[in-house]
Structure formats: C-alpha cells, structure tokens
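Chain lettering (A, B, C, D, E and F) follows the sequence in which the chains are written, and residue indices restart at 1 in each chain.
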Amino acid sequence: MWTYEKKLQYPVKIKRPNPALAKFIISQYGGPHGEIGASLRYLSQRTSMPNRQVAGILNDIGTEELSHLEMVQTIVHQLTKGMTIEQIKEAGMEAYFVDHTAGVFPQFASGMPFTAATFSVSGDAIADLQEDLAAEQKARLTYDNILRLADDPDVIDPIRFLRAREIVHFQRFGEGLRIIQDELDKKNFYAINPSFD
Amino acid sequence: MWTYEKKLQYPVKIKRPNPALAKFIISQYGGPHGEIGASLRYLSQRTSMPNRQVAGILNDIGTEELSHLEMVQTIVHQLTKGMTIEQIKEAGMEAYFVDHTAGVFPQFASGMPFTAATFSVSGDAIADLQEDLAAEQKARLTYDNILRLADDPDVIDPIRFLRAREIVHFQRFGEGLRIIQDELDKKNFYAINPSFD
Amino acid sequence: MWTYEKKLQYPVKIKRPNPALAKFIISQYGGPHGEIGASLRYLSQRTSMPNRQVAGILNDIGTEELSHLEMVQTIVHQLTKGMTIEQIKEAGMEAYFVDHTAGVFPQFASGMPFTAATFSVSGDAIADLQEDLAAEQKARLTYDNILRLADDPDVIDPIRFLRAREIVHFQRFGEGLRIIQDELDKKNFYAINPSFD
Amino acid sequence: MWTYEKKLQYPVKIKRPNPALAKFIISQYGGPHGEIGASLRYLSQRTSMPNRQVAGILNDIGTEELSHLEMVQTIVHQLTKGMTIEQIKEAGMEAYFVDHTAGVFPQFASGMPFTAATFSVSGDAIADLQEDLAAEQKARLTYDNILRLADDPDVIDPIRFLRAREIVHFQRFGEGLRIIQDELDKKNFYAINPSFD
Amino acid sequence: MWTYEKKLQYPVKIKRPNPALAKFIISQYGGPHGEIGASLRYLSQRTSMPNRQVAGILNDIGTEELSHLEMVQTIVHQLTKGMTIEQIKEAGMEAYFVDHTAGVFPQFASGMPFTAATFSVSGDAIADLQEDLAAEQKARLTYDNILRLADDPDVIDPIRFLRAREIVHFQRFGEGLRIIQDELDKKNFYAINPSFD
Amino acid sequence: MWTYEKKLQYPVKIKRPNPALAKFIISQYGGPHGEIGASLRYLSQRTSMPNRQVAGILNDIGTEELSHLEMVQTIVHQLTKGMTIEQIKEAGMEAYFVDHTAGVFPQFASGMPFTAATFSVSGDAIADLQEDLAAEQKARLTYDNILRLADDPDVIDPIRFLRAREIVHFQRFGEGLRIIQDELDKKNFYAINPSFD
C-alpha cells in the first residue's frame, strides 16, 4: 500500500501561465511514453517477476513514477491555472478546454485518452525488462523534445530532473536484466516463464 | 509524493489457483469501473478542485484506490500463479495467456486495454464530484457482480472489504458535493469553474 | 421505434461560416460528454431498468437527446458550409478537413472518433442513474465552456437552449433516483440488480 | 427531430433466455457492422450530401436503423432477462456480466466498446454512398452469420426481417449513387465535394 | 513473401521542409482512409476469397499499397527532415514532435494511432469487395482534399500519381465484383460465404 | 517498393481445422506483439534512422516481418478453413465468426482490432532500437506461449521457425544499437536526435 506525503519529489514553481507549453507537456502525463504508463507498467509487472530483488526494483521505480506523474500534473496545472480565454485561443487550446477546462486529464498531447495498449505486461522476466529499458529511453526522448521546445526556466528545471531520473532507471533496469540472465539455465535462455517452466 | 509500505491494506490469501475467477475479476484492475481508473480519476481531478478540503478528499481516496488496485492485482496474481496449461484451457483463458502469461495486465475482462476514455476530468467541481459519485456506484455494482459469480471464500472476503470501501467513498464524495454547493453563489449554481469564473 | 419530423427542436440559423468555432463545438456531437453518447447511454439503459416509470424517463430523455445531436450537427454544418480553403487554414482545421471535408463526423474535438467507452450501462438502477446525473453535469459543463469561447450570438442562442435542457434532465434523473430509492428494501440498498436479486 | 412510438418496427417475442446467443448477436447492436454504426453513419452523412433527394434517403434509412437498433437491443434483452448465474457460467458470459449485469451495452461481440472509427463521413457524395453500399453488405453478412449460428425460431424470425431490410437499403443506396452520378459534370467525376468545388 | 527493391514506385523529391503540409498528409499513412489500412485490408482479405482470380487482384493491389505507404512515408519524411524548432512551432506541430521527433508514425492527422477498426475483413466475397470499392473512393477523396490544401508542386505531383492509382484500383475491384456475381447461384445471391455455404 | 513472390518464407501445411488454436494464434497477426506491428514499427522507423547501415537492418527485418505476417495469416486460415458450425461452437469462436466468418482479421486474440498504439516511432536512434529489442523479446515470448498451448505438429513446426527468427532479429538489433553507440559523441550519449541535434 502507498501513503501520501504532501510534497513533490522535486519542487515545481512556475510563475507564468503558458498553455502552449502545457499542451504538449501533458504527453508525459498520459501520453505513449508518459509517467502514468511507466508507473502502471512497472507496478503491474512486479507480481509475476520471479526474482524478488528485481521485483523490488520494479516496485521502487513504479512508486517513484507515481511521484513523477504528480510532478508533471503540477507542471501542467501551474501552466494553465488562471489562464484567460484569450490565452486559450492564442495557444490553440480550445479542443482541450471545451472538455477539461483547466483540469489535468491523462491524455496524449493530441487528445487521445491514455491507453494501456501503449505498454506490455508479458509475464516473462526478460521480455518485461527489455520493455522497461525501452520505456525509459522513450521517456528520456520525450523529455529531450520538451527541452527543445520549452523556453521557461521554471519549466526546464523540473523537466531536467525528471529526465535525469529516467537515465538512472534505465541503468537500474539494466542491472535487473543482468541479475535475471545470471540466474538462467543456459538451455532456458529465452524461454523463462516464472509460472510455467 | 507517495511512499510504499510492504503490506496490503487488507489481507489477500487465496489457496487455490482459479483462472476462471481471475478472468473477470481483472475488470476491477483495468476495466471500465476498476481501481486504476478510480485512482487516476481522483488524483487527476484534485489539482483543479477549488475547495482545498474537497481536494483533500480526492487525494485521500485516490491514494486509497492505489492500495485497492494492489489488492485486486494480488487477487488476480494468486488465482493464476502456478496454474497449469490444462487449467488455462479449462478456464478458456488462452487469449489472455498468449500475450500476458501469468502477468497481471490492466484490461477489461474482455481484453480491451485500460483506457482513460472511461472517466472524465472536467475541471468543474460539481461535474467532477457527480462523476465520482457515479464511479463509486459503478465500482460497487461490479463488486456485487463478482460476489454473485465467485464461490471461493478466500476471494469473497477481500472483495467484500473493497465493496464496503466504495460505499464509504460514495458517502465522502456526497459530503464533498455538499461542501461545494454550500459555497456557491446562487446565480453561479451550475457554472462553477475554478480558473475562469 | 422513432419517426422523423422535419424540424429542429429549437431553431439554428447561423449566418457566417466559422470553422474555428465548429472545431470545438463538435465535441458535443461525438465527444466524451456529447449528445450521441447521452442518447445511446439512456436508450441502452432503459431496457434493464426495473421501474417502468424510470424507464420511461430514460426513453424520453434518450429520444430528446437524438434531437439535440441533430441540433449540434446542424450548428457544426452551418459553421463549416461554404467555408473556403483560406478559412480552413486560418482555423487550423486541415486535420479534420483532409478526412471529412465539410461532413460532420462524430468525434471528440481532438479528432478521436466517438467511443462508447465514455459511458456505462451497468444493468443496476442506482449505478445507471448516478451515471446519468454525472452525464448531465458534464454536458452542462461542456456547454458552459462553449459559451465561454463562442462570440457569435447565432451560436450562443441554441447552445443556451441545449444547456438549459441538460439542467432539466439532471432534475428528472434526480427524481428517477428518488423513485428507485423509495422502492428499495433497506437491506438491499446498494445491491439492486433487476434480473438477479 | 424524432418522436418515439411505443412499438417495435417488427415484433420480438423470445420465450427462453439464451445468453449464449445474446453474446454474439450484440455485435449487431454496437459491433463493427452493427445498427448503431449504421444509424450514426447515415444521419451524420446527410447534412453534407449536396443532392436533397439523396439526403432524404440517408435520413429515412438512418431513422429506420434507429428502429433496428431498438430491435436488436430487445433481442439481446429478452435473451438475457431473468438468466441465472448458472446460465451465465454455461454461456461463458462472465466477462460481460461483471460490468453490465443484464444491461445492453453497445459493444462488439468481443467486448470492445462501439467506436465511430468503424465508419466514415467523408463529406463527398460518391465516397459516402460507396461506404453505405459496403455497410449494408457487411450488415447483411453479419445477419447471415447470426442465422448460421442461431437455432431459436423466435430469434431467427426478427433477424430475417432485419436482414431483408439491409438488402432493400442496399438497393436504395444504389439508386442514390445513380442520382449523384447522373448529376455529375464529366470532368468532375471523382472530385465532387459539396462545399468546395 | 515480399522482396524489397530500393526505389519508389514513383519518385518523390521535395526540396523544402514544410511541416504544416506533413501534419495532414500523414493521414494517408495511418489515417482512416490511408495506405496502411488499404494494404492490410486487401492482404488480409485475400486468404478467404473463394475465387482465385479475385484473390490475385487483392494480392496485387495489397502489394502495390505497400509501395504507396512507402511513398506517403517519404513525402512526410522529406517535409519534416531538417525542420527547425521555429518551423515546428509555426506549423503547430509540437504535439506530434514531442512523441515522434521527425519520425513517421502511422496515425490519423489528429494524432489517433492507426487502428484496424477502420476496416473490415468479413470473410464474404461480396461484402469484402464492396468494402474495397468504398475504400478506394475514400482514399481518392482524401487525396482530393490534400490537393485542395497543398501548394508545393513537388508534393502535388506524387499525390496526383497516388490519386490516379486509387481510381484504377476502384475499377479493378469493380471487375472483381462482376466476376464474383457471375459465379453466383441466383438463390445464393447475397449469402455467399466461402467456407460454409 | 516491394514485389510479391508466390511462396511462403517457410512452408505451412496444416491438415486439420482447429479453430481453438486459431483463436489465440491470431494474436501474432494483429495483437500487441504481433507481426503486423513488428513490420510497421521497423518500416516506419527506418526513414528517420540517421545511420544508413542501421536503416538497412530496419528495412530488411521490416520486410521479413511482412513475410511472417503472411505465414501467421496462413496458419490461421488453414486452421479455420472448412470448419463447421459445430466446431465454431465447440471452440467458443462465435464472437469472431459473427463479424469475420472465416476471414483473417488483424486483431488481438481478445478481439481488439490491431492498433498502432502498441508501438513507438520516436525519431530517436537509441529509443527506437531499444523499442525494437523489446519487441523481439515480446514476440519471442508470445511464440513461447503458443508452443505451450499448441499440440498439432503441423502448427508447432512453423511457429518454431518464426520464434527462431525473432531471436536472430534481436541479435541484429543489438548490433544496430552498438553501431549507433559507437558513433555517439560522449556528451551527446542520450540526446541523439537525427534531425535536430
């Protein structure tokens, strides 16, 4: 179970509403490489992970991603709070506003609602960890692109923090994969399946 | 941010694998009325909720639903762990097994991956709270139906706990709605919009 | 069965094409809180509603929503009819135009095709009516937001009519819920299920 | 606008619950070739149809499909009303039951919620009418398959009626296409676009 | 099986990046009437087509559509290659860029990922061929609309080629339908079903 | 462009219809780890891949996956061709049959139509290659599970071939990743972006 502590993992203090930035940063909330998908991916995979040490890595990172989705949510909220109708029109944000006002809905930047079709829980230790390595690179790339597009230092700072964490996660999943591979019987190299083999 | 405590909110101790039960209980993990949707709904809505007391209710319940999704995950995991190929075939679970083995993937019982299209974040205090009241009734109904279909007391016990919690949440959201309505200016009864009006 | 009468429930007479308005008003045609979803929700729920008086309310409102989807369709059509390529480009409507020209397709404002994942038919009288109360508030909120964004009085007038009807529907569903609750045996308060209990 | 008349276009009187039949007949409610899609397709296409006579055909058939979706809904309802938990289990209908009880939800037989991605509104007279001819053949084929699978004469009778109507609609859309083609300027044969050319 | 030949079916040589054009042309890659859907539709339908000559038409055109999706991909790539952040912002392409950078992802112009819900494989010769006739008209219409919106002759030229091919395909599917109808037993006119009747 | 050669990459000769097997093998046609997704993923990624040697690997493997989707299609076709209504009912395949008869539709085993949301084209060389490594492991895992469930040697033989090819692809993508990493400037380790950096 989880308990909530009323602070962000890393501070977010944005001074100026900027819905044009919020429009694409929301992709890291509910988009194809976003923090909701990351968290659900790892927290879903942990139960069938046969090695308990690696299951612990999944649980730790899945829990940290919950704190990251809160940070992205806060960035989007601070960028859209108090925005005016004129700012919405200038930012071309009417499509979002009409259904969500200034709420933070988990969606792709394009408006597609978050879908779990964007990730896999295969029940296979190697396939799941390769999926996780890829997920961290895709999240890293999305933060790269946000940094290319953003110009407000109040936004850039927490995005840099989030990007740095993805790289750490990538390395931890790499270690997890090594742990699994060291355990494998040679003949069973690819066929590992915790519940059946 | 959230921290993880290594225990379930309520114990789940299922002794016999039963994939036939797992096949439909998974709906309360990633289905249209499930715990993932509940948690994301409330945690997403809280940032734009203008009344801080009601935002606190959303945060509390959204956090508790995280613990519920862990319980449902555990139920599904214990029902499928160690199942044999024969049990999979008897349960008609091949479609699930082929992609997920004995992993726990967030999906509808039918196999549709979880989608955030199943809920709303409207950015409007009254619309969001009415959505939440409905969500709790729909979750309650789904647990009713699980109880109608399940016959293993080890499953029935935690499902009854989860069902009871939905009823408590329903009442807390009812109080939240009363708080919002008491604050409303008469003329603004329906038009409340935290960031714009 | 239904018969068509060649008039709108309330007149729509828009003089100037304005694709920029059409782009987001279409959300009330096929979007998450739109009239297609409303109509299908109520017309689908009516068959399993155990109380015939409440089933009648669902049928009446579901039928009226058919007339509303026709009104929203007409608004979108009049706003896009005869628009020029220049107007499309100015309005940023190329993504819609390329697939639908000036046709009226049931979609979210973002371009996501209408999906029934946006509503529930639970087969439970209380859960369905709470869903309906929420639906009316979400539709009301979407009309609020359209009114915040629109500036053409020819558009504002029928939108105000539609918004007013949602508030009436909200009250009628409230009465429906009271009828169901008055019928309930105390012990069965939450477990009502028309076909099984 | 539409008005409701409390009778079915063709009577449905099924005496025995049979959820195994309901499970796949529901495809003609909300599935890829179903009556909801048919109705929304034609009623959406009519506004941009340049020829008023053909727009009238779309409106007539779109309205009749509303009555067909009511018939399919009634078939599913009568096949599932009063079914027992044992009948649900025998029919393998748990996945549906857990979320919808004995309600009638617009979905594919597989459980995918109805999606408007299954049809097109192209804003082009010829493309739309070809889409409609295809739609009628696909609905006809689905009724063929239902007839291959069903053995209850109370079900077969209204399905035969619905199938016969699709064939009539196919012919009427064929006439509609001829009307459009007769109107076309030779050079404009494929490029017809009601609002732009 | 297929073998790749390193040339395009028709040359694409675009000199100036223009992401504003790429944004909607991508619909013919992964959109509702696009080349990926066309290719998968025909290549999927061919196995159950009872007449081998018509199956050959499906295979030929399905294979040609593979070459068309490569052409559309190349158009989008050349329009976005080397674009600057300023050009992305001017074109309003941030939502695409954040997840895909300058990669070519199969999606609707609106950002909805390609879905096979946009086409049918009915296993019925007549229904499939009517679907294919409609598909060619819808693709033709989408190219019409691209031509209405595009102003770069380097883009217009290959789009005209692609549009011309759709018209040829339409005629070949018309011949295919005639072949099937000539084979039909009168009484079986609509009920043809290769594996069952 | 591609040309078709009328033979399979590896022979498929199944003697007995067995729709129960077809029901889940179809996941490797249009499911989350299937051959359609694999082919579209690699063929989409190749245009933005900066290193031409690695782009060649993507093109080769993407082309080979086209031949694999043809093999899976053939397996499903041979398993369902000539099946009787009784066999359909025994296999619980009514939901598929009603919409697709014995046609081969690209879908998940559960019935969800293929969706490109299951893969990424990130426009980033490292993120794309990690995605591809994961994709090969997930495909390998799905073939593992098919082998666990299947008992017909005529099916097992080509599935083993397909599984072996995924392992070869995994290794080639590993080499591709090494090529990219060798090219990287140290400081740019994670930020590679072909069009912008």
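One rule holds for everything that comes next: a contact is a pair of C-beta atoms (placed from the backbone, for glycine too) under 8 Å apart; a residue touches a chain by one contact, two chains touch by 3 or more.
From a predicted model like this one, the values you see are computed outputs, not experimental measurements.
Common partners of subunit B and subunit F, by the touch rule above, are A, D. Averaging Cα atoms per chain gives one point for each, and the point farthest from that of subunit C is the centre of F.
Looking at which positions face the partner, subunit B and subunit D present mostly different ones, since fewer than half of the interface numbers are shared. Think of it this way: of A-E, B-C or B-F, only one pair shares over half of the A-F contact pairs by residue number, and it is B-C. Remark: rotation between subunit A and subunit E after Cα superposition is 120° (nearest 5).
Rounded to whole angstrom, the centroid-to-centroid distance between subunit C and subunit E, based on C-alpha atoms, equals 33 Å. Centre-to-centre separation between subunit C and subunit F, using Cα means, comes to 40 Å. Between the CA-based centres of subunit C and subunit D the separation comes to 20 Å, rounded to the whole angstrom. Residue positions 32-33, 85, 92, 99, 101, 107, 110-113, 115, 117, 120, 122-124, 141-142, 145, 148, 193, 196 of subunit F each touch two or more of the other chains.
Chains touching one another form the pairs A-B, A-C, A-E, A-F, B-C, B-D, B-F, C-D, C-E, D-E, D-F, E-F.
Those residues of subunit F lying in contact with subunit E across their complex are 1-5, 7-9, 30, 36, 40, 43-45, 47-48, 59-60, 63, 66-67, 69-70, 73-74, 77, 80-83, 85, 99-107, 113-117, 120-124, 128, 193-196. Touching subunit A in their complex are the following residues of subunit F: 32-33, 112, 115, 117-118, 120, 122-124, 126-127, 130-131, 133-134, 137-138, 140-142, 144-145, 148, 167, 190-191, 193, 196. Residues 85, 88-89, 92, 94-99, 101, 107, 110-113 of subunit C are the ones that touch subunit E when the two sit in their complex.
Against subunit F, in their complex, subunit D makes its touches with residues 20, 23-25, 27, 31-33, 92, 108-112, 141-142, 145-146, 148-149.
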